[in-house]
Amino acid sequence: MRIEELRERVCAMYPDLCPLFSIEFGDGSIAVPLERVHSAAADLKDMGFDRLGMVTAVDRGDEFEIVYRLQSRDLRAAMFLKAAVPKNDPVVPSMCDLWPAAEWQEREVFDLFGIVFDGHPDLRRILLPEDWSGHPLRKDYADDRIVRRPDYI
Amino acid sequence: MRTEELTLNLGPSHPSTHGVCRLVVRLDGEVVTHVEPVIGHLHRGIEKMAENRTYLQVVPLTDRLDYVGSMYANWAYCRAVERLAGIRVPERAEYLRVIVCELQRIASHMMGIGSSAADTGATSAFLYAFAQRDLVIDLFEALCGARLTYNYVRPGGVAFDLPEGWVEQCRSFVAQHPSAMLEIDELFFGNVIARARLKGIGVLDADTAVAWGVSGPSARGSGVDWDLRRDDPYSVYPRFDFDVVVGSNGDAYDRARVRLWECIESCRIIEQALDQLEPGPVMAEGLPRLLAPRPGDAYDHIESARGSLGVYLVSDGSVRPYRMKVRSPAFCNLAVLPLIATGHTLSDLLVILGSLDPVFGEVDR
Amino acid sequence: MATIEDIAEFLDKAPGGGILLTTVDAVMNWSRGKSLWTFPMGTACCAMEFIAASFSRFDFDRHGTIPRPDPRHCDVMVVAGTITHKMAPAVKRIYEQMPEPKWVVAMGNCAVSGGIFYYDTYSVVRGVDEFLPVDVYIAGCPPRPEALQDAILQLRKKIASESISPRRRRPVASELPQPSDPRKGDLEEQPLARSKATAGGPDV
Amino acid sequence: MDVKRARPAVPPSVSGDAEDRMGLVKGAASLAKGLGITLKAGVSRPLTVRYPQQKVAVSPRWRGPLALRGVLGRDDIPLLKSASHAYNELIDGLYRSDRLPPCVGNCPANVDARGQAFLIADNRVAEAYELVRDRNILPGVLGRICHHPCETACKRNFYDEPVAIRPLHRFAYEEYRKIRHERISPLPRTQGKSVCVVGSGPSGLAAAYDLLKLGYRVVMYERERKPGGALNTGVPAYRLPRDVLYEEIGDIVGLGLELNTGVEVGKDVPLVELIREHDAVLLAVGLQQSRILPIPGTDAEGVVGALEFLWSANFKHEAGVRGKRVLVIGGGNVAVDVARCALRVGASEVKLACLESESEMPCHPWEIAEALDEGVVALCSLGPEEVLVRHGQVAGMRMRSCLSVFDETGRFAPKFGDETTDVPADVIVFAIGQAPKIDALVAGTELLVSGRGQLVVDGTLFTTSVPGVFACGEIVTGPGSAIGSIATGHEAATSIHRYLQGLPLDGDRVARPVPVYPKHAPADITNVEANRRRAVMPMADPEERASDFRQVELGLTRQEAMAEAMRCLRCESEVCVGCTFCARTCPDYAIKVERVDEAGARCLTRYDYDLSKCCYCGLCAEQCPTKALQHTGQYELSFWHRDLMVFDKGEMLRPPTGTRATGRDGVSPPGCPVPRREEP
Amino acid sequence: MSALLLGIAWGIAAVLAIAGGAVIGVWWERKVAGHIQLRYGPLQIGPAGSLQMLADVPKLLFKEDIVPSAADKPLFKWAPLMVFAPVAASLAVIPFAAGWAPLDTSVGVLFFLAVPSLEVVAILVAAWSQRNTLAAIGGLRAASQMIAYEVPRALSVLPLVLLAGSLRPTAVLGAWQWWWMPLLSIGFIVYLIASIAEMNRGPFDLPEAESELVAGYFADYSGMRWAIFMMAEYGAMIAASLFAAATFLGGGWPFGGALGTAAIVLKAALLITVIMWVRWTFPRVRQDQLLRFCWTVLVPAALVQLVVVGVVLPWM
Amino acid sequence: MTGGRAVLFAAGLVIGPAAFLVLLLLVQRLLAPRRPGDVKQSAFECGIPQADTPWKPVNARFAGIAALFVLFDVESVLLFAVAPAVKGSLAGVVEIAAFAALLAVGLLFAWRKGLLTWQR
């Protein structure tokens, strides 16, 4: 499916969010408010996005951005679903009920970013030891074990 | 008689966990009632490290993600960078990428099939497969001077053009490889014991595979007919005639044997690519040493030996990535292990783990 | 029962005992050196080369070196790969579970110093010698199997200097700096050695 | 294993047989088959490499540990100092071994810019000047006007900004002129033969200089009263003060050149006579005629050619355009020169019209930028159609919009649109090219002239149709750069020398290498420290400079020049200059480089390479501009101590061959004293 | 008493023979495995690495002996001896020459079948005493496997006894006719397979499955004690092969005297090589498959052999 | 060699090797270094402290097979006792055959009863 077509279908579904659908570097992405991210994901799943390719987050400084990459075998399309997550209370609804694939990926995001997934069946650290403190992929993560590389080009 | 369950650790240092996975197993006699993979023993923080390295300096890091198939991570990363920076890759470079990645697929599958065999105790089959892999490694060494960590695919193209005589060497490898594969097929997959050990073990049905995000040969063994090379075509793959190998039962046997036949398909692709290869530059012209793509985020993926390997890059306009995320197929494939291994015996558990062919450099990143 | 050290000391003084000791030492060191069974503490890329080393092309069995997955049967622990903070306790534990005498080979730069993962990362142990006494270091990322072969030969030389008698044990390469010194490897921690060096001058 | 079998197709099902279990017979057969396969392997030859009898042959691209070829302070950079045939061979050898520095390779005359920077950084400025003069006959002049292809190819472009090679030429000259009287003396005349050079342009001077150094008597004739050829007549004085030109030519006269000015060969002296008088004659007369388009109205008053315009502007500081609107046709460097001169001789408004779009203009970008700074208006993508004439006087030009200049194959084939615009102007200067004017010169000789009025010349040997008569410069190459002309002068001198020595002209003559350097993209220098930046050439204020013929570029101070010369990376010299680019590009920070930068004590003091951090990615060696840093073929690297894995400078200089990086005792690095061990 | 001393002497001779056999056997196995795997195997010490074990054995002797603190120490310490002794004992009844065996007893065949069965107890003790989960699982596997394969092994030897009419191995050898070989082929194969399973070798090496249980039932044994386990394993292989060579394959046939003994040893070596060849070719079977194979294939096959012999017997 | 002598001889066969091995262990005790430690003496479980103890009732699924073994082994021992005596006599062969047939039927019964299939 061409990306413009995808955009039309998504816009038909969410007229109000249409301006938030952007096409960048050949990929479609829609940014939704955090409270609507789960319902949007469910709708997109109904639309045919049967695979949850990736769940990750980006530390944008003052807030997190949670990024889902959805893929569809039938539509032959892929798109991003993004939502901004406040940094002081990073809680995101879990997608485990829609795609079980989210289970480990959300654990990883929880481990490395400290974003809590509401409704996740088993939210524990996955990569780091259980007794680790802090979430290393946050930009403000400090750890005296890190030896900083001299920063020059 | 009242019996109790036994808890057992397999790993992190265990000959069959393919690296440093720790499996916490609860056993009822020999039967696994519960298994929990504990990963992260090789979590090296590559995603964090990438944030303090220039785009070019990240390439050696990606080598060390999937150390059985370094070329894939190189390529996936470079594709994301190229998408982000709008670089057009010369055609010859695309062909070289395809050739090395298909060779890498063979090398990686040799490791996967071999360790599947070794998990069941057939060490000799492992060595025969490894001997084939050694030939690929020789090709890679001639090409870029490294045996494992190639740093060959770079943003904008590839690092070196082919050395003299390489094409002939590659052709002779590709010519003998299928027959060697058939021999391993006879030795291992045709063996009554191996069939008894692998068939009906760890059955993963197609719907579950899709829902759990399983990709690559592990999913194709379950009949999920999905291969990015054909279904989300990238690079010059549409120009080749090849079949996507799909299994039907979704058991360990199918997963492993899909890999075997994929090697033969890879040989087909390599031969066609070598035929179509034309002289030309192998690196995009006018590429600065320091890339500073415009702000934005890009994702690109390729079909690695383990499934769809994606790299998500966020740029803030500086010379370093703001964030790099690797969507690792081995990680997603491994998540399904508890689902399909419960109820099997301890011996089968390791066979199932091996049939998913995880590489922990990539699982843990 | 007197320990073997006491007996050895007695023998050392006794007439003819020296020859006996030397013979025992020779037999012991020869047999140990020629039969180095390795524990493959393979975690990452180097493990691939370790596997390659014991497989058809390089065949370490030629040297009498075979990998055994059980530390109880091994003489050498080959740490091949990155050691993370999560993995380190397991490595240490396995090392401690190995029977004496035991040696450690740090294979590859990750095991030597963290290598490419020295800087910027929060989870990698910078060198397995932070918690294990390493006998031979192999450079490479990953090293070729020949380098591992070389390490085995180096280890043999090192073993050849050991003795039952504590007084006869020869320290190896004692003139070399000790690991407790600030390591030469930590370049940035060293003060600038040359005052004339280019500090403000044009850095080409 | 070598058996070729028909390629098997994908099986209908990879799962194999439908039933999960094999029968007893089939099972037993499969077991027997397996045993057969292992038996076959068991009796075949093992794959193992017997070591050390059969060492593994590593690939030539093997990325082993690093080694240095040479270091600053210990190994010197070879200076390309020679003036003849041997020089060509040297360049060719360097090119074939892939060691030609890009600046040298990209310069038409192969001026040793690397050697210049080396000598200036070492405070040996006069030597630097003479080194440059060997190939670039007028460094002081070219240091002002050259279009510096060397800087375009400079490898520093990859890292930040190119080295200021041209300003360094100029600086070298400024320093040299202070002591010129000490160093100029007539060269000994060792050959009994004499050569006559017609024309004192750059190519003629270059040839004359080479021949003087070879010991010939050289007599030069110049039509104008002052020498310099096109440099004298065509180059605006704000770019080239004439005293510089005359002084440098004076130096060559001081070396023994017999210069006769004000003599027009063909008019005052017949060429035939010169041919008789001298053993060889070199025609370096250049192009003297401006081309004017064959469009209606070009015969009107106010239409001038560029050369005439420049001549009058340069020598009279008056071109009859004071207060008038000037329209310059053309987009080349000459056009820009004309435009800028027009401003200086009082034009009220100067416009530049060219066919090409702004990005395609053939002039150098910095020239047009300076011109725009000064107030020139550029009208791009316009083609001249007709000169508008009012009362026999130019009133303007009708221009037609130009859609594209070149066709798909890159040939000049402009396509015009329908729109036309009228540009009002009082004076129209055509700067679209020049043509030779040699009718008078060749009169009475047997020299062949082509139908288009051009001399017939061999493009590589520079011979004409008459033996003993050679030609060089723009008359051969067509309109081009000064440095390009100089290159032909050197070649012609080589030809003349071989001719006079009775050697075959084409015998073992080396084809001039045409190195192709990868295009560079502007490096991002936002984060680059100031001391890595290029020295900024001080410029006169654009407002002020547009009004007179003062120099625009003001030159570098000694300190600036030395610092700039230190920026040179000594490309391809295989001597480590401590540029630290390897350390910068290393993903692991495994390299530490320090260098002393004092005059006279410039050397590398420290090169630490931490083998234990290196990831053998090879980026550093790729980055190394001098190729001093190279991978070795070594692969046995085991040590008893981690400290031994840090290689210092001495260890880095170990020979890069062999398979042992470690020293004699196998555990300590080379150069380290072998630890003594008590024998049992 | 002299019998006891003689027994001790023979026992020591047997243990030395086993040790020597194990030394050669391990070397030979490494060579066989090596060549099957396209490599050389030991190469450095001695010609073709044949003295490799001369380095390995003293090395193990100089190795620390670890006794786990949580283990049942007496059992842990004595288990290796318990494993080894039956193997050494079983060697005594093998007729090395026509009419001669070290212990020529009338129940020799039964002795040979019964005594090694004690090994299962020893292995179970060894595995259990370590208090190591991996070892315990290995021990359980070993126990089930070894007792199960006891049956086909015994049943496959039974036709020999029927044919020879005696339980005395020398008598069996004496009665041996060349046509026994084709007649007893099924029984021989059953015997071989059951013996491989008895000695825990591939493809039935589940108790020490390297890729599953790391080291299996001797996980926590180190140094010499572990070497004794290995020696016992090789001893069992040697004993089983020698027995098969001396009974199924007709002993010294077609030679006699010293040459006959050499023929026995040669035949046994050939059998050992076959066992190794099998070990390095096949994958390992799973526990349930192992047992099912025993009961559904081997035992019926052995019974078939019995019936065949029973049919032939009256016509002799 | 018969009777008590054989028994003594057999005992010697056990004592001899045992003595030899004890000697070996003694030599090892003398020569080998000994540095016991808590971790060293803990059970090996892939580098992690032991998760569980095996000294508890675990499910041994071969119990049924073990019962079968006892049955069959006793019977085969009986067969051995009879076997040498049947040489050449048809009656003996019939006896043996009947016995074997009984065994086979027993096996078949167990098989059909599912005793031989692995209980998951």
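A, B, C, D, E and F are the chain letters, set down in written order, and residue numbers restart from 1 in every chain.
Keep in mind that, in the parts below, contacts are C-beta pairs under 8 Å (C-beta built on N, C-alpha and C of every residue); 3 or more make two chains touch, one makes a residue touch a chain.
Predicted model only: the values in this text are computed from it and were never measured.
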Interchain contact steps from chain B to chain D (minimum; 1 if touching): 1
Any chain in contact with chain B as well as chain F: C, E
Touching chain B and also chain C, the following chains: A, D, E, F
From chain E, the most remote chain by mean C-alpha position: D
Taking each chain's C-alpha mean as its centre, the one farthest from chain F: D
Which two chains share the largest set of C-beta contact pairs: E-F
Most central chain, judged by mean C-alpha position against the global CA mean: B
Mean-CA-position distance for chain F and chain E (Å): 13
Centroid spacing, where centroids are CA-atom means, of chain D and chain E in whole angstrom: 82
Distance between the centres, which are taken as Cα means, of chain E and chain B, whole angstrom: 43
Computed distance of Cα centres, chain F from chain D, in Å: 88
Chain E, residues touching no fewer than two other chains: 34, 36-40, 62-66, 133-134, 137, 210, 214, 219-220, 223, 280-282, 287-288
Of all residues in chain D, the ones touching two or more other chains: 31, 34, 37-38, 41, 46-48, 58, 527, 529, 587, 589, 615-616
Contacts with 2+ other chains: residues of chain C: 28, 55-57, 59, 62, 69-70, 72, 86, 90-91, 94, 97, 99-101, 116, 118-123, 141, 144, 188
Chain C residues within the chain F interface of the complex: 4, 7, 24, 28, 70-72, 89-91, 93-94, 96-101, 164
Touching residues on chain F, where the partner in the complex is chain C: 30-35, 37, 39-40, 42, 44, 46-49
Of all residues in chain E, those that touch chain D in their complex: 32, 34-40, 277-278, 280-282, 297
Touch list for chain B against partner chain D, complex: 53, 56-61, 63-64, 124, 128, 131, 134, 141-146, 149, 151, 159-160, 163, 175-176, 178-180, 182-183, 186-193, 195-196, 199-200, 221, 243, 245-249, 251, 253-254, 257-258, 260-261, 264-265, 267-268, 283, 285-290, 292, 319
Chain B-touching residues of chain A, taken from the complex the two chains share: 24-27, 29, 50-54, 56, 58-59, 67, 69, 73, 76, 78, 80, 99-101, 103-105, 108, 112, 125-129, 136-137, 141, 148-149, 151, 153
